[in-house]
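In what follows, a single structure is set out as C-alpha cells and then discussed.
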Amino acid sequence: MSAPILDIRNLTVELPKGADRRNAVENVSFAVYPGEIVCVVGESGSGKSVSSHAVMGLLPKGQLKATDGEIMLEGEDVLQATSSRLRALRGTRMSMIFQEPMTALNPVVTCGEQIDEVLQIHTSLGASERKEKVLAVMESVRLPDPAKLFDAYPHQLSGGQRQRIMIAQALVLDPVLLIADEPTTALDVTTQAQILKLIAEMQERRGTGVLFITHDFGVVAEIAHRVVVMQRGRVVETGTAMEVLKNPQHPYTKMLINAVPTLTPPVREERTGELALETVKLCKVYGGGGFFQKKREVRAASDVEIRVRRGETLGIVGESGSGKSTVARCIARLIQPTSGGIVVSNIDIANLPERQLRPHRKHCQIVFQDPYRSLNPRRSVGASIIEGPMNFGMSEAAAIAKSRDLMNLVGLSPDALDRYPHQFSGGQRQRICIARALAMEPEILIADEAVSALDVSVQAQVLDLLDDVRKTFDLAVLFITHDLRVAAQICDRIAVMQNGVVVEHGKTAEIFAAPQHEYTRALFEAAPGRNFQFARVA
Amino acid sequence: MTAPASSEPVASADAPIAAPAKPTVWRKLFRSPSVVIGLAIVLVMVFIGLIAPLIAPADPTAINPGARNRVPMATSTMRLDDGTRATVTHYMGTDTLGRDVFSRVVYGARVSIFIGVAVALLSISIGLVIGMIAGYIRWLDGIIMRIMDGLMAIPAILLAIAVVSLSRAGIVSVIIAIVVPEVPRVVRLVRSVVLSVREEPYVEAAVVSGTPTVKLVLRHILPNTVAPLIVQGTFICASAILVEAILSFLGIGIPPDIPTWGNIMAEGRQLFRIFPHNILYPGIFLALTVLAVNMLGDGLRDTLDPKMEKRG
Amino acid sequence: MKSVKLSRRTVMAGAAAAGALASSTGASAQGAQNVLRVVMHSDLRIIDPIWTTAYIVRNYGYMIYDTLFALDAKGEVQPQMVDKYTVSDDKLTYTFTLRDGLMWHDNQPVTSADIIPSIRRWAARDPLGQTVMGFIGSMEAKDPKTFEIKLKEATGLLIFALGKPSSNVPFMMPKRVAETDPNTQITEFIGSGPFMFVRDEWKPGDRAVYVKFAGYKPRSEPASGLAGGKVAKVDRVEWRVITDQQQAVNALQAGEIDLIEAPSHDLLPLLKADRNIKLFNWNVLGNQYTMRFNHTVAPFNNPKIRQAVLYALNQEDFLKATIGDPEYYKVCKAMFVCGSPLETMAGMEDKLESNFAKARQLLQEAGYNREPVVLLHSTDLQVLTNLAPVAKSLLERAGFVVDMQSMDWQTVVARRVKRDPPTQGGWSAMLTSWVAADILNPVMAGFFNASGDRAAFGWPTDPEIETLRARFARANTVAEQKQIAEAIQRRVSEAPTHVHLGQWYSPGAHRGNISGWLEAPAPVFWNMEKGRGA
Amino acid sequence: MISYILRRLAATVPVLFTVAVMVFLMLRLTPGDPAAIIAGDNATTQQILDIRTKLGLEQPIVQQFFIWLGGLARGDLGESFFFRKTVFELISERIEPTLSLAFLTIVLAVVVAIPLGVLAAYKQGTWIDRIVMGFSVIGFSVPVFVIGYLLVYIFAIKLGWFPVQGYQRIGNGVGPWFRSLVLPAFTLSVIYVALIARMTRTSVLEVLSEDYIRTARAKGQTEMKVLFQHALKNAAVPIVTVVGIGVALLIGGVVVTESVYSIPGLGRLTVDAVLARDFPVIQAIILAFSFVYVMINLLVDLSYTIFDPRIRY
C-alpha cells in the first residue's frame, strides 16, 4: 500500500479543567490511505468527533487543546502548522462535511455562493470560470437543475440536497482527504441511503481518502473499508470492516454489535386483549383561513384508522413529515384533531373540551423523544412522578409509595426520587418518564420516538423495559419510530405512514417478510446494513 | 451526536448518581465577579440609605439662605428651632438653598433606590400577570397585544411627562409614569417565554397527566420566567433611576424638596460650571448604583440564562 | 415694491448671520455686525401685547409698536407719538396732536382714526385702563392728526396711563387691527415702531426676528428711558431661544450671541469674571417678590391669620435664597417700591421681621385650626423656584401647617385661578414676582384690587381698600396720592391682600462691543450699537 | 409581501386609535388649563372662561374628541392654542432639526457600535471585551444631560472646536449643519452605542457558535471574513431590531438633548407644548411619534427579509 494520506499518531487532546475526565482523546493512532473509507465508530462521548476536528484544526479555542502526538496530512504535521498554512490546507487538501446540513450551511448566503467561496479563497479564477466549476461540481453530486439551485438559499432545499451542496463544497477542489462527521444521522433513511451511495461513488471516482464518523453499525456495514472503534477517548479496536463486524475482539465492540437490533422480527403471539384504542378517519389539517390571502393547507394526517388492543404494541413507522407524531399527539389530545374520532374506553375524546377531557387523561400516557426536555428541570423527579396521581386525588403518601415501587420497576433506586433531572443520564431520564407515565395506571402508552435520542446500547435496555412494562400492565402500546430495526424488535403490528396517510399496515412479521406498498419497500431498501448479518456473539 | 460528553452508565437500581441534590445556581452566582461586585455596591448604597439619619449631618430639607452654594468641606452655622446654633461641615458643599448636599445625597439614596426597586417590582408583577394571560389564553392574546403595542408606541418620556402632570408631582406619579411604558416590554418577554415553554415536552407531559391549567402555569411555566424576569428587573431598576433623574431635569419629576439624586443634579445643573459639586457627587452615586445594578443584571443573565436575548 | 426691498434685506441679513455662525466658533465674526443676537427671558409665543400681560410680549410690543407717551429715565411721562397736547382749564378736555411723519410698517400714515380704537382696546383689557376708562366721557378724532378726550370727572391718571411703561402698555395699532375684539388675539404684525417683525422667520421655541424699519421717524431728543428718539442702530435683531441658562451663558462667552436680557443670578460670577462681557442693570426700579393669598378659603380667609404671615416672614431669607448676591437685591418694606414717588414704610415697621412669637400669638387669637396651607411651588422658573421652600420653612416655624405642592409654572398659573377648596385642586398661597414699574401705585398694581370676584385670583374683598383706590384715581396732586397710598398700605398691613418679599434686580449681560443699552422698565433695542471686535 | 405590508398598515390603525384615545383622555384630565395660561397673570375668571369657550374646551370631552378625530380624518391637525400657526406648520418647521439629529445619531452609533460589538465578541473574555462592555455599561449609567454639559465644557468652551449650542439648517450648507450637530449627536449616541454594541456582541457571539461558522473556517476562510461576512450578516436581525427599539429611546433622549443644545426640534416643541398645555400640538406630536415608531418597526420587520432570506411575508 502507498503512504497514508492521513496518519494520526498518539494524539491526545486535553479537556478543560472540571470535566469528567482529563483527556477527550488519549493516545489515539490510526491512518487513512488513498481511496479508502475509514469509519470511526463509537457512542456519544467516545471522542470520535474531537479527533476529526483536531485534524481540521477546528478544536474550539480555549476549551480543547491537542497536547501530544502528531497528525500527518500527506507527511505534514497539521498540529504544527501556522494558522495561515492551516487555512490554505482546508478546502484544498482536506475538507469536511457535517451532521446537520441545515445548520452547517450559512442560511443567508445562496448555495452557489457558498461553494464559490471556496474557489474565491483558494484560487485566482475569474467569476465566470468559477461559476462554471461550481455548476460542474453541483452536477457531479447529482443536484437537479444546478443553474437554479445556484441562486437558491439553503432553506429552500431538502435535507438531502443540502448535504449534496455540502459535499460539492467539500469536493470542489479535489482534496485528498474528506472528513464526514455523522453526515447522514440527521437524514431520513431513504435520503441517507442516497447520500451514502454518493459518498462511496465520489470517493471511488476521485480516489479521495474518507474519514467517516458514525455511531451506526448499519452505516458502517454499508460503507466502511476499515473500522476504528473508540470508547471514552481511546481506540479499542481497529481492523477491516469484515474483521470487526464479523469477528469483534474487544468486549465493547461485541456489546455494540450485539445491541444493534436485527431486521428480522422475532416470532410473536397473536394479541387478543380487548380493544383499547381506535381512531376513526382521524384528520389533522394545519393552516388555512388567512386574512388577506389563503394560506397553504397542510394535511398532516388524513383518514388515519388504527386500532390497538391491550397487551399489543402497534408501531407507526415513517420518515420525518409522514404525520406519525401528529397522530400520536392527537391521540394524547395535545392537539385537537380537525375531524374524525378517537375512541378510548368506549368514549370518543376527539372533540371533548379540556375540562371534560381531564378525567379521561389518565387512560393514555405518552413518553417523548428528548429525555433532556421531558422532565421539568426545576422539580425533583419524585415531584414529577407523583403529580399525575395527585391530580386524580391520590394522597401524597400513597403517591410517593407508588413512585418508589415504580422506580424499582424501571430499574432505578427509589432513593433517587429527591434528585433533579440534570443528575441523571439520558437513559435514566427516559426510565423516569416511563415511570411517570405508569404512575397514572394508563391503558395506553404512547412512545413517541422514545429511544431515538439514545445511544444504541442504552436503546436496547429501554426497549426491553418498554416490553416488560407492556407485559406487566397489559398495556396497549403505540410505538412511533422512524427506525425499522427498532420496530422489528418490539412491534406486534406496524402501520407505515407517508405524507399523512397510512399506506400499509399489518403484522410485523408479514410486512417485513413481504412489504406490499412501494414506499414500504423503499424504506426497506434504504435501511443501512440490511444485507449484512451482524455477528451475534456472547 | 448531541449528547453530553459523559457516557451512559449502565442503568441499574443502584446506579451511582453524583452531584449534590441542590442545584448549583447559587454557587455559580457567587463565582461571577460582576454579580459579586454589583451586589456589593448595591448593598452598600442600600445600607447608606438605611442609615442616612445616622450619618447625615443635617436635615436634608433644612434650608439656610445664608449658606448657599458653599464648596465642599465648607462649614456653616445653622439656626435651630430652639434658638441654639449648630455648626455643620458640608462634606459635599451646599446647594442654592443652602441645603447640605451630603445629607441630601445619603437621603437621596433612599428615594432613588426605592423608585428603582418599586418600578422594577411593579412592572414585573403587572407584566407577568398580563403576559401569562396573553401567552396562555389564546383568544385574549390579540386584544392584549394590540393594547400593549399602542402603549409601547407612545414614547416613554412623553408618556411619563403626561402621567406626571396628570396628578400632583410626587413619588407615586413618577413611579406610575415609569412603570406604564415598561409594562409592555415585560409582557412581551413573559409572553414569549410562555409561548416557547408551553411547547416543552415536560409541560405536555403535565397536560397529559391531567394537571389543571392554573397549577400547570404556576408549577411548570411560571418558574421559567423567573430568571429572565430577574435580569429584566435589574435593567428596569437601573433605567428607572435614570429616568427619574431625567424627569427631574425636565422639571416634572419628584417635588424638589424631596431629595433624590436626580433632583439634586437637576437643581444643580445650572451651576455646573461654577459649583460642579452639585452634579458631581450625586452623579457619582447615581452612576455607581446604575452601573452596579447593570453589572448585577449582566452577571445574572450570564449565570441564569446564557441564551437570553440581551436587552439594554 | 416695498415688500421686495424688505425681503431682499431680510435675505441678506439672514445670509450674514448664517455666515457668522459658520465661521470658526462663531465668535464675533466680521459679517455679523448689524445683527444683534439676543437671548430673552422667555420665548415669544403670543404676539398681541394687549391681549396678554406676558412681559415677553410687552418687549415685542416695544420693538414694533410706538406709544403716545413714554416714561423717561427720570420716571417722568414724555410725549412720544404725540407732538404736543393741551388740557382745558377744568382739566376735563385733553387735545392731542400727533407728530409728523408717523408711518405704519405698510407705509400708511398714522392717523387719529387709528389711535382711538387702539386706546379703547387697551382700556378694555388693562386694569389701569379700565379705571381710566371710567373717567372718560368721549374720545373723538378732530382731524387726521388731532384727537380729543373729554373726561366726566378730573383724574391725574390719564397721561400717566397713556404712558404706562409696562404690561399692558397702550401700544398704538392700525384701526383695522385695533378694532379686533379685545378677547381675540390679533393676527397682524403691523406697528409704527422702529423695528418690523419678520413673520416668516418667527419660529416659536427657536427665534423671533426683527429688522429695522426704514420709514421710522425718531423724535429729535436723545433717547432716555422709553422716551426720546428711538433710533435703530442695528439692521436686525434676533431673539434666540436658549432655555438652558447655563448654555446661554456659554453661548455669550463663546460669542455666539451678543446679549442676555436676564442671566440667572447664580451664573453672574462667571460673567463678571469674563473681560469680554459687561453687566448692565437696565431695569433700575427692579422687581418685587410677592406672596398672594387665596382669601376665599381657610385659613387665609381670616385677616388675622394673613397678618400672622406678615409677621412670620422676612425679606432677606427670600432674597438670599433666590438672588444671593446683595448687590442685586434690596430689602424694602415699601409696597409701592423703594425709589418711587409713593415709597412709604407706613404700617410695615414691625412686620416682615420673622417675629415668630408674634405670629404664633396672632394665630392663637385667630383660632387657627391647623388648616393646611396649600402652597403652590413652581419648579421651572429659576427666579421663583426657591421662594416656596423658604416660605414653607418660615411659615412652619410660625406654627402653620404647610402642604407645599410642586408643579411647573404653567400648572401654577392654571391652578391659581381655581376656586375649589385646597384639598380639591384649589390653593391657599402662591408666590410670584412683579416688575416694579407695574406696581407703582395702588390702582395699577393688580393685587390691591379688593373687589372680590372681580379682583385678580385670590379674590380679596375689602370695601375700605376699594374706597381708597377710588379716591386715589381722583387725586390730582402727588401729595394727595401719597397720602392715600400710605392709608392703603396701612390697611393692607392690618388685613394683607398679599405680602411683598423684597426688591431684586436682574442685570443684563452683553458682549463688550455692544453699547447704548438704555435704562428703562423694559429692555429696548433702539439706540443699541454693535461695534467691531468682541 | 405586498399583502403583508397592507395587513401591517391596516394593523396600525387600531394601534394609533388606542394611542389617540389614551393621549386625548390623559390631556383632558390634566389639571393644567391652557386658557389660564393664555390669559396671563392679570386675567379675571370671566376672561378665562371666555377663552375656554373660544378654544372649545367647554364642550363635553367626547364631543371634543370626535371633533378632533374628524379633523384628523381630513388631515387637519388643528391649530395651536398659543401660536398663530397650525399644528402642521409648527411640526413641519421643527422636523428638520430632529430628523437631522436622529439621523446623525443613528449613523454615528451604528458606525461606532457595530465594530466595537464584533470586536468584543471575537475577543470574548479578554481585556478588550471588558473595556468595550465596561464602556457600554457606563454609557447606560450617566444621565444624558451630564454627558451633554461635559462635552460642551470640553469641546466647545475649553477647546472651541464646536459651537456651544444652536442649529444650522442644512440649507445653509452641509458644513455648518454638521458642525452644529456633532456635539448633540455625540451626546445622544452614547446610550445608543452602548445598546447596539451590547446587542451586536451578544448576537455575534451566538452566531459564532453556529455550525456554518465552523464550515466557513473548514473552507479556509480568514477570520476577518468569517466575522464580517458570515457572522455579522447572520447576527443582523437582532441588531436591526434593537436599532428599531432604540428609536423609542432616541425620542426620549432627543427631548433632553434638544433642551441642552437649544436645537429647535420636535423634542423642544413637545416639552414647550406640554408645559403650556397646548393640547392640539401635544396630541399631534405624540400621535406622530407613535406613527413613526410603528412605521420604523414595520421597516425593521421588512428589513429582515434583506438580511435573512428565510423570512418571507
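Which chain is which? They are A, B, C and D, in the order written, and residues in each are numbered from 1.
Following the convention adopted for this analysis, a residue touches a chain if its C-beta (ideal position, glycine included) is under 8 Å from a C-beta of that chain, and two chains touch if they have at least 3 such contacts.
Computed from a prediction, not measured in an experiment: that's the story for all the values here.
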The chain whose mean C-alpha position lies nearest the overall protein Cα centroid is chain D
Whole-angstrom distance, CA centroid of chain B to CA centroid of chain D, is 23
Expressed in whole Å, how far the mean CA point of chain A lies from that of chain B is 46
In whole angstrom, the CA-centroid distance of chain B from chain C equals 47
Rounded to the nearest Å, the gap separating the Cα centres of chain A and chain C is 87
Expected list for chain D, residues touching two or more other chains, is 31-32, 149, 259, 275
Residues of chain C that touch at least two other chains are 244, 246, 250, 380, 408, 411
Every touching pair of chains is listed here as A-B, A-D, B-C, B-D, C-D
Contacts from chain B onto chain A in the complex sit at residues 1-15, 17-19, 21, 23, 200-213, 215, 219-220, 223-224
The answer for chain B against chain D in the complex is residues 146-147, 149-158, 161-163, 165-168, 238-239, 242-243, 245-246, 249-252, 262, 265, 269, 272-273, 279, 283, 286-288, 290-291, 294-295, 298, 307, 309-310, 312
Chain B contacts chain C in the complex at 61-63, 65-66, 68-69, 81, 96-98, 165, 168-169, 251-252, 255-257, 267, 269-274
So, in the complex, the side of chain D touching chain A is made of residues 3, 6-7, 125, 210-212, 214-222, 230, 233-234, 307-310
Per the touch rule, the chain D residues reaching chain B in their complex are 11, 14-19, 22-23, 26-27, 29-32, 133, 137-138, 140-146, 149, 153, 191, 194-195, 198-199, 202, 206, 238, 242, 248-249, 251-252, 255-256, 259, 270-271, 274-275, 282, 285-286, 289-291, 293-294
